[in-house]
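Notes follow the structure.
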Amino acid sequence: MILLFLILVPLLSGILSFSVKGSAAKTLALISSMITLGLSAYVSATNYKEAIVFSCEWIPMLGTQFSLVADGMSSMLCLLTGIVSLVVFLTNLDKDTEAPGSFNGFMLLSQAGLMGVFLATDALVFYVFWELALIPVYFLCSRWGGEKRIPVTFKFFVYTFVGSLMLLAGLIYLSLQTPGTVSYAWADIVAAGNALPATTQQGLFWLIFIAFAIKMPIFPFHTWQPDAYEQSPTPVTIILSALMVKMGLYAVLRWLLPVLPMGVALWSNFVVILSVIGIVYASCIAIVQTDIKRLVAYSSIAHMGLMSAAAFSANAIGMHGIMVQMFNHGINITGMWLIVSMIENRWGTRDMTKMGGMASVAPRMAIALVIISLANIALPLTNGFVGEFMLFNGLFAGDHSAPQIGIMVLAGLGIILGAVYTLNMIQKTAYGNTTEMVISKDLSVNEYAGLAIIIAVILYLGVYPKPLLDLTAGMIGG
Amino acid sequence: MDIYDKLFWLLSAITVGCALGVILSRNPVNSVLFLVMTFMCISGHYILMNAQFLWIVNLIVYAGAIMVLFLFVIMLMNLNSDVEPQKGQLVQLAGVISGGVLFLVLLAAVKTAVPVGIDKQSLDIGLIENLGKTLFKDYVLPFEISSVLFLSAMIGAVVIGKKDDSAITNETVQ
Amino acid sequence: MKAIIATTVFGIVMMFTGILVNNKRSVAAIAAVLFAVLLGINFFDLAAASPNATDTLVFNKMLRIEHYSVWFNTVMTGCTLLYVLLMSKEIQRVGSHVAEYFALIFFILCGLYILATYNNLLMMFIGIEILSIPQYVLAGSDRKNLKSAEASLKYFLMGSFTTGILLMGIALLFGAARSFNVMEIAAMLHTDALNPLALAGILFIMLAFAFKVSAAPMHTWTPDVYDGSPTPFTAYMSTVVKAGAFFAFLRLFQVSFNGISEHWTLILAIITAATLLVGNVTAVFQQSVKRMLAYSSIAQAGFMLFAVLAVNKFAWQGIIIYAMAYSVATIGLFSVLVKLKDFTYDGFNGLARTEPLLAFTASIFLFSLAGIPLTGGFMAKYYVLLAVVQQGHLMWLVIFALLMAAISIYYYFRVIIAMYFKPGTPEIASPVTAGDRTLLIITCALVILLGVAPQLFLNRI
Amino acid sequence: MAGVAAGKRGFYMPVNSTHYLFLSLLLFSIGIMGTLMRRNAIIIFMCIELMLNSVNLLLVAFSKIFGDANAQLFVFFIMVVAAAEVAVGLAIIVMMYRKVHSVDINILNRLKH
Amino acid sequence: MANVVYLVPLFPLIGFLINGIFWKKMPKSLGGAIGTVAILASFIVSLGVFFEVKSASFHGPLTVTLFDFISTGNIHIPFAFQVDALSSLFLLIITGVGTLIHLYSTSYMHDDEGMVKYFAYLNLFVFSMLLLVLGANYLIMFIGWEGVGLCSYLLIGFWFKNRDYTNAAKKAFVMNRIGDLGFLVGMLLVLFNFGTLTYLDFFGKLGDASLIIPKSTYNWIALCFFIGATGKSAQIPLYTWLPDAMAGPTPVSALIHAATMVTAGIYMIARSGALYSLTPSILHIIAVVGLLTAILAATIAIRQYDIKKVLAYSTVSQLGFMFLALGVGAYTTAVFHVMTHAFFKALLFLGSGSVIHAMGGEQDIRNMGGLGKHMRVTQATFFVGCLAIAGIPGLSGFFSKDEILAATFAHSTLLYALALIAAMMTAFYMFRLYVLTFNGKFRGTEEQHHHLHESPAAMTIPLVILAILSIVGGYVGLPSVISEHNTFATYLSPVVHNFSHHHLSHGTEWGLMGLSVTVVIIMIAIAYAVHSKPKFKESTGIAKLLENKWYMDEIYDALIVKPIEGISNALDKFVDRHGIDGIVNGVGKTVRWGGDRLRMLQTGQVGTYIFIMVMGIVVLFTISFFWIK
């Protein structure tokens, strides 16, 4: 039942929020997200050894059940969703959002969708939530976004929608292959997928993979992302980059790798190559960005590239690393976007060449920026390091043939280039002489609180990652 | 080749000739007359096949009533060859070619059709009495339902045909 | 069977009402009541037919009343009732012959009932004609408008042409199968030695149906006729009527040609692909929402063809649920459309601010048409996809269809973009009353209910 | 051929079904050609009637070959429907003529794209 | 005492946290005091640890595990410290020199508004450095390794308003990162092949025949670690960041860029001695790289005019010597040089800081001269430092450097000859620096001249202490010709010992010593002669080349930085926006275009429509009857 509440609380409060005006809507969202965080924390704390299950009838004749399972990975991601949502609503408290009721309503609805995606253990339920998380984001970006919001959001929506439709086709096919009649239960889908011949698995692999690849996004399916991030309002960007892209990775781990082992085995090298190319490619592009949002967007692509590369390297430590890194990257990128939005607010521009001197005028912000950036480039004793170390472990654990070494070198280049663009950003925004600011004030109380949560998590998990590792340890066989 | 064969070929030739006349003659009135001729030839075929009822009906309903209706309408509109617009040569050629190709394709498609056998020979199936019995016994439902069709047609004539005084506009007042 | 008689009688009643009652509103009210009664009668029929009951053959095997057809009739009558309620005011504004319009709608329903239950090609033919002739009339019913007349004439000419095609198909088929009885035909046709006459006949019939359901290459009339016809009748023609044709299509191909599906599946698949392509791609460029909906109806027809392609049990349920979801959403959308003066996309600009309810319900209908989950449209699409995926060998078509569905997002969402994200004040043609709102909410609820709890219907079909 | 046997008892089936099939298809094609070639709505309609008649001919031929009355009844119903169609069709054409004083289908192009 | 070794890094951490959190409100002097006391406390604990390790009762390395850091599958990496001779020695160097430099900084940085922040960074640095040397496995070392890089970055860019300084900071960090990647890869290779990162386990498994690990893997691991070391310890090709790092406050240069951080590479290789002993080819590479660095940096130092740059290149050069020592297998000697170098180089940097302080920020030695008259203590201590680094007998540098030269001679005569040249250059440029700075006439402005003064006690006391250490520091490791009992080597022997097959006779050793002392004294004399009456003119030819550091920065810029920027720009502008996104948008455009074309079919003409239908019928019939079969 508690799992159902995880979805229902944001869903109902989201619907309610549409009819609430002004600051009451903000309070409602905050309270709702606190409750959700509490629930997800409870779920995470209680299911160390045994997964929590919820199930009820939905459309029995289509073989689908409304069943939710919170195992380590799911509850970890729910926890992430909870934290990120709370921080987003917290930092958004003093922002002037047009029609906050609708805004928060959509935000909460997308949160509900995300929870559903992470918890669903029935393929059709999963698909429904997968789409459902997207629609509110579409409205959020289109209504509250930047100048070019409508075409950009539209492209993003259509792009991801194409992917999801492919996914649907794949899932339908799989559901028909299940033993007995049609079934969408995870276990049945896995059994059906495993039983298929290799050629069929390959076809299905591409159908399903493209959906996830677009969502993550993996090079070269990424071009919707920088534009979408650039044009979205910050809270939405956070939802997109911290949570939505995790949907893709989560889906790979849950609905692709176990389901089509032969298809994956045949194509994993290809995907790994794509991913590492993506790392270097996105990092290079990030280096020359002057728009701070685009920079962070490309950095996110690079990070996701590393995660997907590790995901397809089929290695237990790598898998564990991905789960850790999903959480960590979610936290870090949230912090990153928060800072970026504060910078944008204060300087009134996203052009980094027109910024500077934050360390003098807003030192707290600068400190937060530095800490979060360092977590972003995986400096030890920040949470980013633990995950990336394990990811690299996963990548390096294969054979050491020449192509494999090439992959490692490329992935490694990402570390160096990552430092370059991140430090560039710090230098251009925080250092140098003060340039003109629109609002010259350091962090406000709620921003401070939001960033404090982020930084606390960054440092805590950087020094003592054991809780996170333990939570997800059950997910890797043996 | 006996008389029936000869009649068949003769009728067929006239039928096709008249049909071509329908589509080729410039004057609509001629077209109508050619069509009446075509129908009559087809009726001739019906006689050859001993379909007496249809022979009569075809003559009365088609060649008689319907075609006269057409003729009336054409006369009413005062259409003659002078005002009859013609399509461009190219379009007409395209029409002929595509029609011809269609015919060839159909011909090629069904030319291998196995001649269907005959297991019972009833010579008088086409007589009015036999058909009438079947019609009112087995086909009573379609017969009745056809009335709905005519009701619709009647309403249609009312809705469409009734003189309407309001001015014709080109706006979208849908 | 009762429903067929009732709808005929009601049609005649409406004709007399036209003579006796002068007030348009009273006529409309009587019609609404009669439609409600008709729905009741359908339910009565439905109660008699259970999934396990054997089929009833009546009138020298002219009709075969079975479970699916009764369900289909009921659902379509329900949609018609919804349509009449939502569009009543608009129908009254079309012209002076309001009673006749309703009578024609009753007759169309009669044709639809026949098409849902025919067991003989003759009945199918007559049913199609009963379905079509009132449409020719309705298309031309707006006497003030030249476009309406043009639509009517175009529809009529092409429709008659197709009648010729259909009849040639039936004749050729008869030459091979020696029967007009649908079930006997099935027994006469064999995959191994298929008479070319039969194949030619099937192709002709298929193409004729393609015309009726506006599938490529026989779709060309659709945009013009839908665009030119009075909007309320477009709404009906593009939904219930089309669904009726589809059901007849499915029925014939499921019952008669099921055994020889390998001979025609590929052709139908090509038709499906072409329909999806033409419908979706052409809709992208439209400026008028009404015309866009015409193309969208071509595109949706492509999806409904999936049900025909899939020769299995899912197909029956699929076509019913698709017809329902599609009809309800489209009728709803048209009922929003008719409230506006300007049918172009720009006419929708800013609707969300002035009429939030209209905008919201329109969005839900558009979601449904686009196939977003938790709307009826998703379940419908899902169902027909399921049906065809189960066939196994048409995955390429499924993927193609899904890509096309993605394109459909473009033109459906343009309306949403106009309503929600563009500034402007739309001109409202007729005031939105509380009744309208209630009906829209009910329609909307129906769309969502169909998407969230489809088993309420599926369990019974 | 079967026709020879029948001939002794009176009416005789000339040639065979294939001939009627071909004749019917030819008439059908001529009808289609006509619809493609002409601009006059009435002539087009007439060509369509020609198509219907070709079908009738074919059905009667089949009826004769199979000794099956159903086909002839089908023809009867085709005629019934055709009559109804003509009623509506001519009404529409007349309505059109009243509005634009022409029955040229080429001027019907307000609706396009 | 060794059991509570975690106190050593804990104190600086506490200092960092206090200063870091309250940096805005804390009074400057309190911040300085907290920082200094924290390190002093560490130093005291370190002393305790050192003596415990030194005592006979100490058996083998002691591991202090704090908690489980990364634990997944069968990999367990604890957060653990290892106390042994090597780490305890480094503890002493770090905290000892660290305390002095903190003390010095309290005065040096007193006028800077960011002083508390400065001490926070400095404490964080010491904490990281202590983690580096204390870690019981490579991962903990790596944490410190990257941590010191970070602090170095923060401190180089301490005056963040200056773009050049922050550029230098960025350069340092990125260069370090390149090396760090090598370290990381090496670590991953170890983990993959041996399943552990803990030193004791790893070294224990090194010779294990049951593990089927090819020889090449050892080489790769060793090479990767060495790449890490070249980054941190500024060796070719990753040395260019160190001279630029002089942008930071001078005490930082003394602590980080001379005494401690840059020696991390030597520590790491010495720590992994057991591994390197198995990979002679890599050791050879190390020796060559070290020697080349020593020579290259020395040549550049000869023609530099910035007082700190000279010292910086000298540091690079000295680090090269240390790597040379490592390369020839003289691990202990390398560590010995680390220690002596820490003393005299910290001394020299602090001395230069004192000079800069007196000159009001001026760093160009062309504008100095004759400062000895005004700042006696600085002059004297600086002179001691110069003597020590030049290798004058009796001072610490002599013993350590001579040991390196001897070990090199034993290895290869050619290397020895080159090393000797480097040593000669060292003597020359150091005394060039000394003479130009302290002797002769003052060449600066009148205002500067007026301002000249000796630095306060807080600065001079560390100078004096370091000078003393620079003199006596060498006596713990007397060469075998003088004393058979090398205290230093004995102390380190449980962990590190020299790995050399050649033993020199006493006669040879004496000869080598004599030779090196002779040439060094000659070079000093030349330096005095050339620079007592300096004339500065536009340099030409090779001198210009040297003055411009062999144009190394420009070469790197042209070969690496510019191409990457160019490629990135091309990727951004052309590939991403027009290429990939172009394709994506192109699909949309194609659909729209297709829509426009298909729309044209809809002519509104019934004739066309029927024509389309007929063609459709023809096509479908053709497909159905003549194509499928």
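Lettered A, B, C, D and E in written order, each chain numbered from 1.
The definition used in the following text is that a contact is a pair of C-beta atoms (placed from the backbone, for glycine too) under 8 Å apart; a residue touches a chain by one contact, two chains touch by 3 or more.
Remember, predicted model here, so these are calculated numbers, not experimental data.
A.B. asks: Any chains in contact with both chain A and chain E?
C.D. replies: The common neighbours are C.
A.B. asks: Quick check on the contact graph: shortest path length from chain B to chain C, in steps?
C.D. replies: Steps on the shortest route: 1.
A.B. asks: By CA centroids, point me to the most central chain in this structure.
C.D. replies: Smallest centre-to-centre distance to the global C-alpha mean: chain A.
A.B. asks: Could you compare the number of C-beta pairs in contact for B-D with that for C-E and name the larger?
C.D. replies: Between C-E and B-D, contacts are more numerous in B-D.
A.B. asks: Which whole number of Å gives the spacing of the CA centres of chain C and chain D?
C.D. replies: The separation of the two C-alpha centroids amounts to 28 Å.
A.B. asks: Report the inter-centroid distance (CA atoms only) between chain B and chain E in whole Å.
C.D. replies: Here chain B and chain E have centroids separated by 100 Å.
A.B. asks: For chain D and chain E, let me know how many angstrom lie between their CA-based centres, rounded off.
C.D. replies: Taking the average C-alpha coordinate of chain D and of chain E, the gap between them is 97 Å.
A.B. asks: How far is the middle of chain A from the middle of chain D, if each middle is the mean of its Cα atoms, in Å?
C.D. replies: Each chain reduced to its C-alpha mean, chain A and chain D end up 66 Å apart.
A.B. asks: Multi-chain contacts only, two chains or more: what residues does chain E have there?
C.D. replies: If we look for residues of chain E contacting two or more partner chains, we find 588, 599, 602, 604, 606-607, 610-611, 614-615, 617, 621, 624-625.
A.B. asks: Among the residues of chain C, which are close enough to touch at least two other chains?
C.D. replies: Within chain C, residues 122, 126, 129, 133, 136-137, 140, 143, 146-147, 152, 154, 157, 161, 172, 175, 178, 196-197, 199-200, 223-224, 285-286, 410 contact more than one other chain.
A.B. asks: When you check chain B against every other chain, which residues touch at least two of them?
C.D. replies: 87, 91, 94-95, 98-99, 102, 106, 109-111, 113, 116, 138-139, 142, 146, 149, 152-153, 156, 160, 168, 170
A.B. asks: Select the category (line, ring, star, complete, other) that matches the graph of chains linked by touching.
C.D. replies: Topology of the interface graph: other, matching no listed pattern.
A.B. asks: All pairs of touching chains?
C.D. replies: Final set of chain pairs in contact is A-C, A-E, B-C, B-D, B-E, C-D, C-E, D-E.
A.B. asks: Residue numbers of chain C touching chain B in their complex, please.
C.D. replies: Its residues touching chain B are 4, 8, 11-12, 15, 58-60, 62-63, 95, 97, 100-101, 103-104, 107, 110-111, 114, 120, 122-123, 126, 129-130, 133-134, 136-137, 140-148, 152, 172, 175-176, 178, 195-197, 199-200, 229-231, 290, 343.
A.B. asks: For the complex, give me every residue of chain D touching chain B.
C.D. replies: These residues of chain D touch chain B: 2, 5-7, 9-23, 25-34, 36-40, 42-43, 45-47, 49-50, 53, 56-57, 60-70, 72-73, 75-77, 79-88, 90-95, 97, 99, 103-104, 106, 110.
A.B. asks: In the complex, go through chain A and note every residue touching chain C.
C.D. replies: Within the complex, chain A touches chain C at residues 58-62, 127-128, 131-132, 135, 139, 142-143, 149-150, 154, 157-158, 161-162, 165-166, 168-169, 172-173, 175-176, 182, 203, 207.
A.B. asks: Which residues of chain D touch chain C once you look at their complex with the stated criterion?
C.D. replies: Spelled out, the residues of chain D in touch with chain C are 17, 21, 24, 28, 31, 35, 41, 44-45, 48, 51-52, 54-55, 58-59, 62, 66, 68, 70-71, 73-74, 77-78, 81, 84-85, 88-89, 92-93, 95-96, 99-100, 105, 108, 110-113.
A.B. asks: Which part of chain B faces chain E closely enough to touch in the complex?
C.D. replies: 87, 91, 94-95, 98-99, 101-102, 105-106, 108-109
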